[in-house]
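Consider the two complexes below, in which chain A is the common component and chain B and chain C are the respective partners.
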Partner chain A sequence: MSHRLPAPLGDVIDRSSVISFTWNGKKLQGFEGDTIASALLANGEHILGRSMKYHRPRGVLTADFWDPNTTVQVDDEPNVRASHRKLADGMAVSAQNVWPSLKFDVKAANGLVGRFLTAGFYYKTFMKPAKLWPAYEHVLAKFAPGGSVDLDTPHGRYDKRHAHPDVVVAGGGPSGMAAALAAAEAGSSVMLVEHEHQLGGHLLWGSNDDRAAANELAAACAAAGVEILTNSTVAGRYEDNWISISQRSHPGVIERLIKARGKTLVGAAGTIERPYVFQGNDLPGVMTSGAAQRLIRMYGVKPGTRAVVFTANESGDSAVEALQSAGISIARVVDARAGEGITSASGSKSRVKRVTLSDGTTVECDLLVTAVGWTTPTSLLNMAGDRPVYDADAARFFPAGPPDNVLATGGMIGDGSRDELIAHGRATGELAAGRAAVVRHRLQAATARAAAVDGPEPDYPADERTPLDRAQHPELYRSTTHGIVDYSEDVSSKDLFSAAGEGFDSVELIKRFTTATMGPSQGKLETVNTVAVLAEARNETIAEVGTTVWRPPYAPISLGALAGRINEPTRVSVLQPWHEANGATPILAGQWVRPEHYGDPAAEVRNTRTNVGIIDVTPLGKLDLQGPDVPKLLNLLYTNKWMALPIGGVRYGLMCAEDGVVLDDGVTARLGEEHYLMTTTSSGAAKIWNWIEMWLQTEHPDWQVHVTPVTTGLTSINIAGPNSRELLGRLTTDIDLDPTAFPYMNVRRGTIAGVQNCIAWRIGFTGELSYEIHVPSGHAVHVWEQLLDQGADLGVKAFGLEAQRIMRLEKGHFIVGQDTDGLSKAPVTGLNPLLKLDKDDWAGMPEVAWTMESGDHPVIVACQPDNGSVVPEEAAQILRAGTTEIVGRITSSRMSPTLNRSICLAQVTKEFAAPGTSLEVLLVSGERITATVQEHHAHFDPEGARLRG
Partner chain B sequence: MLLVPCPNCGPMNAADLSYNGESHRRPDPKTCTPEEWRTYLYLRENPSGWLLENWYCSSGCRRHFKIERHTLTGELRAPVLPGRKPGATQGDMK
Partner chain C sequence: MVEITHLDASPDTRVPKASVRAADGTAAAATLGLNFGSAEQRGETLVVRIRPDEWYLLGDGAPAMAAGLDLSGFASTVDISHSRTAVRITGDCAADTLSKLGSADFSDHMTPNGAALGNGIAGVTCDIVRDDQRGVRSYLLLLDGSFITYFLGALHDAASEF
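== the complex of A and B ==
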């Protein structure tokens, strides 16, 4: 660590704790508290990377979060901010954008031919001919910036948190800390968010008194109960102070996204020091005054040996003191306030060597420090609707006036001594707390069922703060030479001049065309210089050009933080452990994990058709409907009639959306005088519950109906097959299963396997004699096992979803969403007798009526490939013979174990719907086969003798 | 994110509710013309200003309610429970 300065310089490093790391494979050491960049500089490594487009060598520019030149690869993580990320033991750090090595980069030839890589170069050069783009892309991809991504990187841990603070303070400098402290003392819950690693802001690299004051304020904040989030960024502000905070400091989590509903937001982001635009301004060894002070005072690093300081303000003067304290010789102080200036810097490829001043003299040096002014990071206030206004006297933008629930303090709105900044912060904190109390009271009062509100609403405090003064500052943006404006994107002032010459006259357009301000610094360093250069090129004032609109995020957030924890819920029936123990292959159907089969679905079909099978159909949506107006509701939502369903009856119904498209289907049973049980498709359960409530609440609030979802409260088991009556009969004593007493499409309630209050109905999705029983889920495992025990001699076996799908296809029952789609209006199903146009009203009725009237719609038909060994893929197209005209598609297809041939359902235009029509089906392989339309939807037992038996 | 006042639950994050779009009257299905019905299905005013909207408290009390939102400023006012007379305003929560 040859460039390390002796204590007391280096406030934030702990020299007793040595950290080992590697830099491009070389073993180096740093201290606890170092950033990667400070540790590298301490070891004399001052080139930290190469620029994006021209591959120019780059070193530390700002030595903080925004440093655009120090993006590195750390282990398998690309694009790490080396001037911000803390050094950790064992880190393997390497430079990005270099090939074959950092010191000799082949692509630096770009720098020589830089005039070919001006703004818009890629757009203009590689657009034509379009057919060559793949070749261009292949070459250009090798020049793309960024680190390398390891595709085998394990998924890191990210998280989210919701918070409800009264006051959020963005920025932990003197004003921000004072605001947080005052708000907390006034009784507010406060979050204080600082994007660097410690509170203090610019006091951290200031005088001894400054640093003592920072420590004192930070300690007071902690003592007052302020929640302090360091290494965290307020990334966005949205309506009603919905504030996103990216927290990089939560233990055990790479990054956490905090969604905070602040009642007031205090913007205390301070100012960001602007780089100066001149020839050679991106040479390693050229840095801002803040960078020099941070490196020396916080990290104890010596950034050079012989310095030129170009200063226009106190920060530059303070940098001179810092440099002197580090034993760096001051070759020249160039004071802008005295009319002095610099025009260019030059040097070797790796370091600044001399500076040319405005008066033509040159000064030898290896460090050039600039202090030319400040950018106000008004981003958060912008997001609250504020449009900043340029003040030429202070040479920076200021907020025009954010909304009442967003307040600004500190460097964002003015200048002052430490005590003045703290006083303004305190006043702002008190105001923020007062307004937060009013908002809190209103929110509480607006919550009708909340506990009683404490007292009357407090008075809304007016803003009576004494404003901060604005310090005069010379306007210093660009010298007489051209230099880099956007370091991350390698955009020079010359690029901006030529873009302006091409007619990109608005700052918003020039930003998008040149990509200036669009890099990882999000414009914090570049925007105002871009505006100033554009103003110069167009001979306008900065105020006339205006600034770009700052949008979220304030600083980039990782995608992992936005995604949070992987938290996809799954649902299972209470029988799932049995299924798993008995060899079920699981399938995910929506959120449900279900048994697809238990080994051989074809055998399950044969056993069910021959003996008896049982299937767990719990995911079937079940809604308990009670009240005198249930029939009216059913009549409104189903297409058929429900006013005369007797107690003990079950009816099939089809539902449409208001555009006439099939929405859902299922059976509904009348259990009692005013008591019904509705079933929906498994995927439609939540949707139909919502659908019913919407109709009841909006169109018919006078109807008396209670809707209760009971999907998982009842476990549903379908018992299907010729032996199902015998099997169920062995388990129930109080349900008369005689076909005359309990015919098809009827429902009975009774005791099954000793479990009371079971519901059993006779329906036939599989086409077999079958009973679907709904048993209280607490007893479902018992009932399931009893069915298997008692039916062993009847050949009972469990069957899975696949066997059920095969059997329903053999029977020709369509599935909503499989055989219908988002354009299938009800007549497509062919269930025209169920579409009762003589009812007064039902959802979707007008569209269905007009569709039936026009007759212009496809229909679902059953078809069988003429070669019964071929199973066309689902969604295979049906074409007009010998052409490419699409006339339909296969919607369901399977090999039927019962018929020993392939069977399908299809949607075809009416022209092709007549029984006996030959269809030409295009397989995925490109082969065309023929299939014949069948007379009935049912391929098997079209008369329904089996299920009615 | 907007805070939307559910009549039962009080101010809720908009993401905890379902937005059911502009409020519009359902034509009489027995007598309406295709134009009237399709206007109800598909056409929206999308005004710049006050707009009566349908919201559904899908992650809370499951109440459907109407509210007026100013599409430029995001201000909300006077939710009305469907089927009930307009109630008291929920107050300004800004």
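== the complex of A and C ==
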């Protein structure tokens, strides 16, 4: 570590803890507390990367989170901010976007043709001829910036959390800490969020007194119960102070997204030092005054040996002191306040060698430090609706006036001594706490479950803070030469002048055209310089040009953090363990994990058709309906009539949305005088519950109907097949199963396998004689096993979802969402007798009536391929013969084990719907086959003799 | 520390549960009372007014209490013992655990002991009752029983850091 300075310099490193790492394969060492960049500099490595477009060598510029020049690959993680990421033992760090090496990068040849690679180069050059774009794209992709992603890298653990603090303070400098402390002392719950690894802000690289004050404030915040989040960023502020926080410091996770609902937000982000625009400003060895001080005082790193300091403020002066304390020779202090300036820097490929001053003097050096002013990172305030206003005397933008629940303090709104900043922070914290208390009082008073409010609502505190002064500062943005404005995107002031010359007169347009401010720094270093250069190019003032709109995120946030933990709910019936233990292959149907089959679905079909089968149909949606107005509700929601359903009766119904499109279908039973049980499709249960509540709560609040979802509470088992009556009869004594006593489309309640309060429906989706029994779920395993045990001699076997789908297709039952789609209005189903246009009203009736009147709609038909061994793929197109005109599609298809041939349902235009019509079906292979439209939807037992037996 | 218990894990521990829907002015509503969003232990039954016109009766006394209600007017009951399953999460970090999975404010002033609310937890709609146990923060979560395997996994995952 040849460039490491002796203690006491290096406040944040622990020299007793040595860390080994590699840099482009070379073994190096650093200390605990180092950033990757500080460790590299300590080892004399000054080139840390190459620029995006021209591949110019780049070194440390700001030595903090925003540094645009130090993006590296760490192990398998690309785009790591080396000036921010802490060094860890064993890290393999490498330069990215270079070939073959960092020091000799062939892509730097781009620089030779740089004058042709101006803004808009890609747009103008590669658009024509269009047919060559794939070739261009292939080559351009080789030049894409960024590291390499290993697709085999295991997905790391990310996390998410919600929080409801009274006050969120964004920024842990002196003002932010003081604000957090004052708010906490006033009784608020406070979250203090600091971008860097420790609290303190600029005090961390200040005087001994500054650092002591920072430590004291940080300790006081912790003692006051402030929740301190370091290495975390307030990424966005949304409506009602919904605040997103990217936390990179939570143990055990890579990154955590905190969704905080702050009652008051305090912006205390300080200021960000601006780079200066001049020829050679991106040479390694050119850095901001803050960077030099951070490297020396925080990390004990010597950034050079002979320095030129260009200063316009106290930070530059302080940098001179820091450099001297590090034993760095000061070749020249160029004081802008005295009218001095610099025009260019030049050097070797590895770093700056000399600086040319405004008076033409040339000074030899290997370090150029600039201190030319500040940018106010007003992003969070902008997200709250504030538009910053430029103050030419202070040479920076200031917020104009954020909303009442967003306050700003510290460098964001003015300047002052350490004590003045702390005092303003305290006043802001007290104000934030006062306003948060009012919001909290209102929330508690308005929320039924909340604790009772304590006394009357407090007065809303007025803002009576003593404003901070604004220090005068010369306007220093660009010298007389051109240099880099956006280091991340390799955009120069010359590019901006060129774009302005092409007519891009708006800062918003020039941003998009040149990509200035659109890199990983998100404009923090570049926006104001871009504005200033544009103003200069257009001979306007900076105030006239204004700024771009800063949107979330304040700093980049990982997609992993946005995703958080992967919580995708799945559901199972209480019988699922039995299914799994008995060889079921699971399938995810919506949210439900279901048994697809138990090994041979065709055999399951044959057994059910021959003997008896049982299937777990618990996912079938079930809604308990009670009240005197249930018939009115059913009459409104279903297309058919419901006012005369007898107790014990069951009726099938079709539901439409208000546009007449099929929404759901199912059967509903009348269990008692004012008691009904509705079933819905498995995937439609929640949707239909919401649909019903919408009608009851908004259109008919006068109707007396109670709806309770009972899908899971009742485990549903379908017993299907010729032996189903015999099987069920062995398990019940109080339900008369005689066909005359319990005919098709009826329901009975009784005891099954000793379990009371079961419900038995005589219905069937398979086309077989069948009973659907609903059993209180706690007893379902017992009933299921009893069915298998008692029915062994009857040939009972479980069957899965696939067998059920085959049998329903054999029977010609359509499935909502499979055989219909989002455009299928009710007449498509062919169930016109159920579409009762003589009712007063029902959901979707006008649209359905218009559709029926026009007759212009497709219809569902059953069809069979003429070659019964071919099963067309579902969604295969049906074409007008010999053409490519699409006249329909196959919606369901299977090989029927019962008929030993392929069978289908299809949607076709009416022209092709007549029985006997030959359809031409285009297979995925490109082959065309013919199929014939059938007389009935049912391919099997169209008369329903088995079902009704 | 956080302790997570599935109260309905076995038939022996299953918590009897009833839903009572009753309009304002009915005898059942008057009997059950309570402010919306609050809960109260009455003998062996935890009575929860979970929605303005809906109460949950939870515990061994629930069936008898439900059966004893005067359902005249517009009122009804449904046995939800098998529909809704109950999970209890107890411990000083119980609220922190829930805050990783749900957006509600579980602080003492917004959700004091005895409060009841609905909130999505790990993507599952839950009815939640703050029901401290012997002075230790505790929440009773009621959810559709079909989610329980997934839900317990998500809950344990969230609690693993505490």
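Operating definition for what follows: the second predicted complex is superposed on the first by the 946 of 949 C-alpha atoms of A that agree within 3 Å, B and C clash if a C-alpha of one lies under 4 Å from a C-alpha of the other, contacts with A are read in each partner's own complex, and residues count from 1 in each chain.
By definition in this document, a contact is a pair of C-beta atoms (placed from the backbone, for glycine too) under 8 Å apart; a residue touches a chain by one contact, two chains touch by 3 or more.
The shown structure was predicted, so the numbers you read here are calculated from the model rather than taken from an experiment.
> Between chain B and chain C, whom does A:565 touch in the aligned arrangement: first, second, both, or neither?
second
> Identify the partner contact of A:391: answer first if only chain B is touched, second if only chain C is, both if each is, neither if none is.
Neither partner.
> Is A:573 contacted by the first partner chain B, the second partner chain C, both or neither?
Once the two structures are laid over each other on A, A:573 reaches chain C alone.
> In the superposed model, does chain B or chain C contact more residues of chain A?
C
> So, does A:840 touch the first partner chain B, the second partner chain C, both, or neither?
After superposition on chain A, A:840 lies in contact with chain B alone.
> According to the stated criteria, A:77 is in contact with first (chain B), second (chain C), both, or neither; which is it?
In the superposed model, A:77 contacts neither chain B nor chain C.
> Quick check for you: in the superposed arrangement, does A:821 touch first (chain B), second (chain C), both or neither?
So A:821 meets neither chain B nor chain C here.
> Contacts for A:447 in the overlay, against chain B (first) and chain C (second): which applies, first, second, both or neither?
A:447 contacts both chain B and chain C.
> Touching A:698 in the superposition: chain B (first), chain C (second), both, neither?
first
> Looking at chain A, which of its residues have contacts with both chain B and chain C?
Common to the two interfaces on chain A: residues 261, 443, 447-450.
> Over in the complex, which chain A residues touch chain C? Could you list them?
159-164, 189, 251-252, 259, 261, 440, 443-444, 447-451, 565, 567-574, 592, 618, 624, 626-627, 704, 706, 708-714, 757, 776-778
> What residues on chain C touch chain A, complex-wise?
Answer in residue numbers: 11, 14, 19, 21, 23, 35-38, 74, 76, 78-84, 99-105, 107-112, 115-117, 122-124, 144-147, 149-151, 154, 157-158, 161.
> Going by the contact rule set out above, which residues of chain A touch chain B in the complex?
Chain A reaches chain B through residues 238-240, 242, 261, 403-405, 439, 442-443, 445-450, 658-659, 690, 693-694, 697-699, 701-702, 840-842, 845-847, 850.
> Please output the residues of chain B touching chain A within their complex, sorted ascending.
Per the touch definition, chain B meets chain A at residues 1-3, 5, 7-11, 13, 20, 26, 29-30, 32, 34, 37, 40-41, 54, 56, 58, 62-64, 74, 82-84, 90-94.
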